[in-house]
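What follows is a set of structures for review.
Two complexes are shown next, each including chain A; its partner changes from chain B in the first to chain C in the second.
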Partner chain A sequence: MATEHIQSPLPGTFYRRPSPEEPPYKSEGDSVAPGDVIGLIEVMKSFHEVKADKAGKVVRFIAENEEAIMAGAPLLEIEV
Partner chain B sequence: MPIRSLFIANRGEIAVRIIRAARELGIETIQAYSDADADSLAVQIADRSVNVGRPHATKSYLNIEGMVEAARQSGADAVHPGYGFLAENPDFADAVAAAGMVFVGPDGNTIRMMGDKVSARQAAIRAGVPVVPGSEGRIEDPSKARALAEEIGFPVMIKAAAGGGGRGIRIAASMEEFEQALPQARAEAQAAFGDGGLYIEKVIGQARHIEVQVLGDGTDVVHCFERECSLQRRRQKVWEEAPSASLTQDIRDSLCDSAVALARAVNYSGAGTVEYLYDDQTGDYYFIEMNTRIQVEHPATEWITGIDLVAEMLRIADGQPLRLAQDDVICHGHAIEVRLNAEDPANGFMPFPGVVGDLRLPGGPGVRFDSMLYSGYAIPPFYDSLLGKLIVWADTREAAIIRLDSALSELEIAGVKTTKPLFRALAADDAVRSGAVHTKWLEGWLEDNATNLT
Partner chain C sequence: MGIKVHNPGLATTIQDLGRPGYFHLGIPISGAMDRFAMRAANMLVGNDEGAAGLEAVFMGPELEFTSDCTVAVCGADMPIKLDGEERAGWSSIAVKAGQVLSFDFLKTGARIYIAVSGGITVPEYLGSRSTYAIGALGGVDGRPIAAGDDLPTGGDAGPGDGRGVPENLRRAPGNPAELRVLPGLYWHRITDQAGRNFFEDEWKVAPEADRMGYRFRGGRPMEFVERKQPFGAGSDPSNIVDGCYSYGSIQVPGGTEPIVLHRDAVSGGGYFMLGTVISADMDLIGQLQPHTPSKFVKVDMETALQARRDRHALLDQVRAALD
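For the complex of A and B:
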């Protein structure tokens, strides 16, 4: 089974949930379609949605919630 | 002075500014930095630096316990909070004092009182300062609310007492709308803030933002004239001037005197700013809030008065009485500051962190550049987008705008998009040149012009 990474388009802080009270956008085992929101990146106090660019199934999150990441950093691994 | 070492509990250009002022007073500088700021200019030029945690501000610059402990362990005598982060957090001021250090600013109780909208408004009323007409505190009885709205005149704003930052506000243009909006606003406030308390205020249309800089030593207070900051985007100031070209001398005198009266009434200690809305059609001004810290736009005031406001803050924190009487503070010429942010104005002001390439800075008479930039600096994405401020001075406003445009034409920050194109376009705009602006003007102008700002 091939796996691929979804990368962050921006540097900043990664969030897996739309807000602290809500469930994560995606969890391990969930299926992902292109355009699905998989998390938020906070950059200079503004929030941007990260969308999947391919279809697959979430194997694991590489970046943790609230982790500081660089542009191009892998966020999650999906099985395609 | 007894303050021999200063912990700087902030970052960016203001940290650099504070280090410069402290160094000239012979004070050792100890710079706090997060993991993301290890290479910052402030860390490079400070005498010492202390790591205060992970990049995200809640884990470093906003962590009260961590900051106080880092300051205490560094052996600092005093803590300067800068602006933003913990600068107006009364618990931080209290914790610094409780740990045996001097907080450079007013005490926690003053910050607490001026930070609460209702108590600040009441302090202003007690000091005889005009406030936006509205309810004295919370309104509970609907029939009294109706009577008050009638008296104030429509349109009126219904605001949630627990709201802030533009949240929890409704505007009613007529009594009919008011009666409909009142119960809805109460339910919304209850749902959003867990507190259904409301108050009402008159809507001031097309106002200017004018603010008065004050310095107090706990007993005496002087003002350092006013700044006008009417050019704003999403309530963020982008261009500030001192003095305001829209005031007559009589109104300037009474406005500045009212700020002194308020600061004196609360025994203000430190540098502070009293903010007003000014209606240039009627000549009326209204207190909106007091900021109990140094402000981003303080250099404009420094230039027209010749006063080093950050150095004065340190002297006051050190327990020294004000060195200036009101007659010593003289306004000379005109200063303009613009905020260079790492944002792309042609693309919805999208943040643009990146690595600074070649840097070419403007110079010559009447040009000052306060920034955290150096060539090769990687701008962290975790904090606000302010990179620096270009401040110009000339003997008239007209000459200052010409100088601003000339200095902007010299400035080159390679590798990142900045708000420079916005300021070149504004400097050439007839409304800006004639000063015919108000706090909503820039957003309308941007709808027509933003896409050309490249």
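For the complex of A and C:
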């Protein structure tokens, strides 16, 4: 099985949950479909959803919750 | 003759060199955050330097051109594609009707400037086509561009391929970014120690930074010189009796996070300003990504004026190279 990365389209701060009280969008082992939200990027006073562009199964998150990231940074690894 | 917007990117706006002359009425100067890059892009496609183009932040748009034209992209390093084929930045690109311009992930810098021959010809508002989104002025109905928009252009084919800004004449911030600051008008409000700390500390661009202001965090909190707050000033020691803000002025609400006011800033208010980023370095701020390490460097008026002359000389060199 090949693995691929889902990259962040934006620089900013990465969040894995829609809000601090809610569970993460995705966890290890979850399946991912194109268009699924996998996290949020905070930049310029707003939050932007990051959506998967391919289908697969989450192997691991590479970026941590609240981590500062650059555009193009790998956020998670999926098995396709 | 125009541009069809397939995908707008993130908060992509029409900008020119701005709308000076109304700041005293609360209407900001607006215009490109990196005016050097905007001017260079316009020169490459044969436009007046003040023609309107697009400013895209962090993420490029996808645009289809409906007539033959020349396009140039200057500013941040973000791979440029014409019908999927990679093209160079800081260079003129001949485009045929129906071709699509798109971008890959941002590498360095923050904002790209896309100029098209003939310029984008939306109506002017108070002498400028710049978009001031908060005030819903200029651009397309006062807002960032959106998918489905048809942007009118001046429509000549332009000079085509083969023009480029030599690499040594391009300008980008270092890492850490160094921003030169002239202390004042309210420098006296902070202690000597706080003033030294401000220039010693390494700051980082906060993710909130936008066209109104660039916020920095990570340095030590500031101590203020004690005083009885004057009538009309708020109770926090960072408050003053309301005053005029200038482009580039640095306010520090609560003494914790400096904010450098930029092109879409408010024109006045009640926060003290410890100094002003010199005009020659304001373009660099427009190219800072969130979390970029940054240092403030103290300069005097003579240095600031020399830096302004140097910047003008650099622009002259670009003009000469493209003449």
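Quick note on the criterion: the second predicted complex is superposed on the first by the 80 of 80 C-alpha atoms of A that agree within 3 Å, B and C clash if a C-alpha of one lies under 4 Å from a C-alpha of the other, contacts with A are read in each partner's own complex, and residues count from 1 in each chain.
FYI, a contact is a pair of C-beta atoms (placed from the backbone, for glycine too) under 8 Å apart; a residue touches a chain by one contact, two chains touch by 3 or more.
As the structure is a computational prediction, the values presented were derived from the model and not from experiment.
**Q** Would chain B and chain C fit next to each other on chain A once aligned, or clash?
**A** Result for chain B and chain C: clash.
**Q** Count the residues of chain A touched by chain B and by chain C, then name the partner with the higher count.
**A** Chain A has more residues touched by C than by the other partner.
**Q** Under the stated touch criterion, which partner chain does A:Gly72 make contact with: chain B (first), chain C (second), both, or neither?
**A** Only chain C is touched by A:Gly72; chain B is not.
**Q** Now for A:Thr13: first (chain B), second (chain C), both, or neither, which partner does it touch?
**A** It touches chain B and chain C both.
**Q** Answer with first, second, both or neither: which of chain B and chain C does A:Lys45 touch in the superposed model?
**A** The answer is both, since A:Lys45 touches chain B and chain C.
**Q** Chain B: which of 19-27, 127-135, 181-189 or 325-333 bumps into chain C?
**A** It is 19-27.
**Q** Common interface residues of chain A with chain B and chain C?
**A** Touching chain B in the first complex and chain C in the second, residues 10-13, 42-45, 68 of chain A appear in both lists.
**Q** Which residues, counting only chain C, touch chain A once they are in their complex?
**A** By the definition above, chain C touches chain A via 10-11, 57-59, 104-107, 110, 207-210, 289-291.
**Q** Can you tell me which positions in chain A touch chain C when the two form their complex?
**A** So the residues of chain A in touch with chain C come to 7, 9-13, 42-45, 48, 68, 70-72.
**Q** In the complex, go through chain B and note every residue touching chain A.
**A** 35-36, 54-56, 342-343, 350-351, 353, 381-385
**Q** Under the stated contact criterion, what part of chain A meets chain B in this complex?
**A** Within the complex, chain A contacts chain B at residues 10-13, 42-46, 66, 68.
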